[in-house]
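Scrolling down, you'll hit the structures one after another.
In what comes next, chain A is part of two complexes: it sits with chain B in the first one and with chain C in the second one.
Here is the complex of A and B:
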């Protein structure tokens, strides 16, 4: 516990001084601000770039369009940036040998994994809250309302999926010594999830639904009840992945 | 009491057997030089002692406690300085020590006082820069500071000087030598002059085992080559001296290299013939015909014709051999530029072991 707290402090200093935190907040801040703005400006852009006639056929943008933009940005590109940003989470330390010193001082390997995961989840949480908050404020400002069902729940589901990706990344990182291994394994698992998406009924169980059914939940085509199995499976997988990461890392040569 | 005991440890990487029933004891309060060629297994041994590598067999004990692979409890007794210590480049020295101290369980008060003292000792007090901008020597010194933070009973340093310039090397060696009173230092190296400079004890690792171990004085005494090096003014003199009748008749081996003559009084005494004290009993001088007139007056050369395979090999004392040589120099009227007794160097011992 003592080692965990000390190492978490180190992780947070690292996130600040290597500009990871700053970059994440800037990128997600831009996503948050641009989503409603893009929704608002889409008709004008089509009018000026394509043709005003086409633009006239498009219904006036609303809060739903703003949040659709949000999930396109944050739920896709945002997640990609998240895993790329943290793909070197263990590889950097393993290749440089920086962990040897602290581990020989008595830091448990489990604490290393948990501290790293905590720091990543904290940054992900901050970034997501910032993006969602900015989208909410701008949507309120530009469209006058955010009165949509399940708005908070859908963001929470995306957050859970992000935590799942980070757990997967950490677990994959304990297997290889360079960040490509971690990245490749993570991408491969997501690809399997995407392929499984071909089966229509699979979305009930697919963790990917937590990042892909958000708008369906808001617009009411999917109910929260439909997603419970997927939520349960994702939470279970997070626990399994973190336990596996600690187990594998204990046996690793540093 | 031994601070570090390595008992019949085996370690293989694939088919390559690095350590083979390796056994070594490090006594308390000494600077222990752990010598071996590159790839001899020095780092492997140290990593096993730190629980960073799993041994295939055997037992390692630190302060009497057995080392286990993974989260080894014994590491609380140990400070470790890796060959190229790597730190978090974005931290400042004191921040790094604070992290180490917190991990070890020191209170913030202890961290502040000890950290300050240690940074003072290694010459990094007042350095507010981030570690990323440090030179190798500075990193090595910070490495020493972090290794000493938890006041370990054993400090293990893996080639602490091999990457440093002469000044950095001297600084690091001086710091290590100064630690003898408060802790035990094991340091691996292939730089033998470093060992001679600061170590009390030395062990040479070769072929997966300790080939030679003991205090430097002991080892040198055991492996003393009895002989002299005489440097003459010119090669001709050296040749004349080498051909001197008194040396020839005693079967003393001489080798000439330019103007330098190496005179082997006896093969080193490891094993059969222990170094003999001057005038040891049982050494009877046979008739030294043709030599009597020039033999020095002082203690008569004592030697024997050994009963073994080389009947005419000199096996007298160093002093008698020296007198004989001086006699020859006087008779031949040669003034040596340099005349010294052969001292085994660690280099020569090391070369011998490795061969």
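Here is the complex of A and C:
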């Protein structure tokens, strides 16, 4: 436990010194601020760039559009950046051999994996809360209201999906010693999920629904009840992936 | 364009965040002369031209890992 706490501290200091924390907060902060602004200013931009006639045919933007932009930015590009940012989670230290020292001095390998996961989840949580909070504040000012159902739940679902991706990334990272291996496996699994999305009924069970059905949940075309199987499967997969990551990491050569 | 003028208070923090990102990247590029690939000139151009993505690409792919 002390090893875990010490290694977690080291991970967080590393996140600060390598600018990872700073980058994540600035990027997600920009996403959070720009989403409602983009929704609000789209008609004006079309009016000045294309033609006022076309802009007049577009319905006036609302808080729903602001959150649609939020899920477009954070739920797609944001998750891509999250994965790329942390793709070197194990590879950097494996290639430098710096883990050998601490592990031979008695730090358990499970603690290494858990501490790395904890620090990534903490940074993801902070970034997502910042982005969602800024979108909430901006939407409140620009559109006067945030009165949308399931707003918090849909953000929590996106958070769960982010944690799932990070667990997947850590598990994939234990399989190779190059950050491209981790990145490729993660992308491959997401691609499988995207292909499964072709089957209409699969969204009940697809973990990807947690990052793609958020607006459907807010607008009411999908209910939380529809997504329970997907939520359960995702949570189960997180546990399995973390256990697998620790199991594989215990057996591998550092 | 007057309609856009009223949103300037909302645009300022956004602009500040983007400028801070760019400046931090440029300072890092100038102070660390070793990159995984590319040259100082290339990375400065990337950080300035690709306002938002450029600095991120530099920090993730361009920065030398051992510093």
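Convention: the second predicted complex is superposed on the first by the 254 of 254 C-alpha atoms of A that agree within 3 Å, B and C clash if a C-alpha of one lies under 4 Å from a C-alpha of the other, contacts with A are read in each partner's own complex, and residues count from 1 in each chain.
Note that in this section a residue touches a chain if its C-beta (ideal position, glycine included) is under 8 Å from a C-beta of that chain, and two chains touch if they have at least 3 such contacts.
All values reported here derive from a predicted model rather than from experimental measurement.
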Query: Does chain B (first) or chain C (second) touch A:109, or do both, or does neither?
result: first
Query: If you stack the two complexes on chain A, which partner ends up touching A:223: first (chain B), second (chain C), both, or neither?
result: neither
Query: Given the touch rule stated above, what does A:253 touch, chain B (first), chain C (second), both, or neither?
result: first
Task: Check whether A:125 is in contact with chain B, with chain C, with both or with neither, and answer first, second, both or neither.
output: neither
Task: Check whether A:33 is in contact with chain B, with chain C, with both or with neither, and answer first, second, both or neither.
output: second
Message: For A:96 in the superposed arrangement: first (chain B), second (chain C), both or neither?
response: both
Field: Touched partner set for A:14, first chain B, second chain C, both or neither
entry: first
Field: Intersection of chain A interface sets (partners chain B, chain C)
entry: 18, 96
Message: So in the complex, the part of chain A that touches chain B is made up of which residues?
response: 2-3, 5-7, 9-10, 13-14, 17-18, 96-98, 100-109, 250-251, 253-254
Chain A residues within the chain C interface of the complex: 18-20, 22-23, 26-27, 29-30, 33-34, 37, 40-41, 44, 48, 81, 84-85, 88, 92, 96, 138, 141-142
Task: Quick one: which bits of chain C touch chain A in the complex? Just the residue numbers, please.
output: 1, 3-4, 7, 10-11, 13-14, 17-18, 20-21, 24, 28, 52, 55-56, 59-60, 65-66
Chain B residues within the chain A interface of the complex: 50-53, 70-71, 75-76, 78, 80, 82, 84-88, 90-91, 95, 99-100, 102-105, 146, 149-150
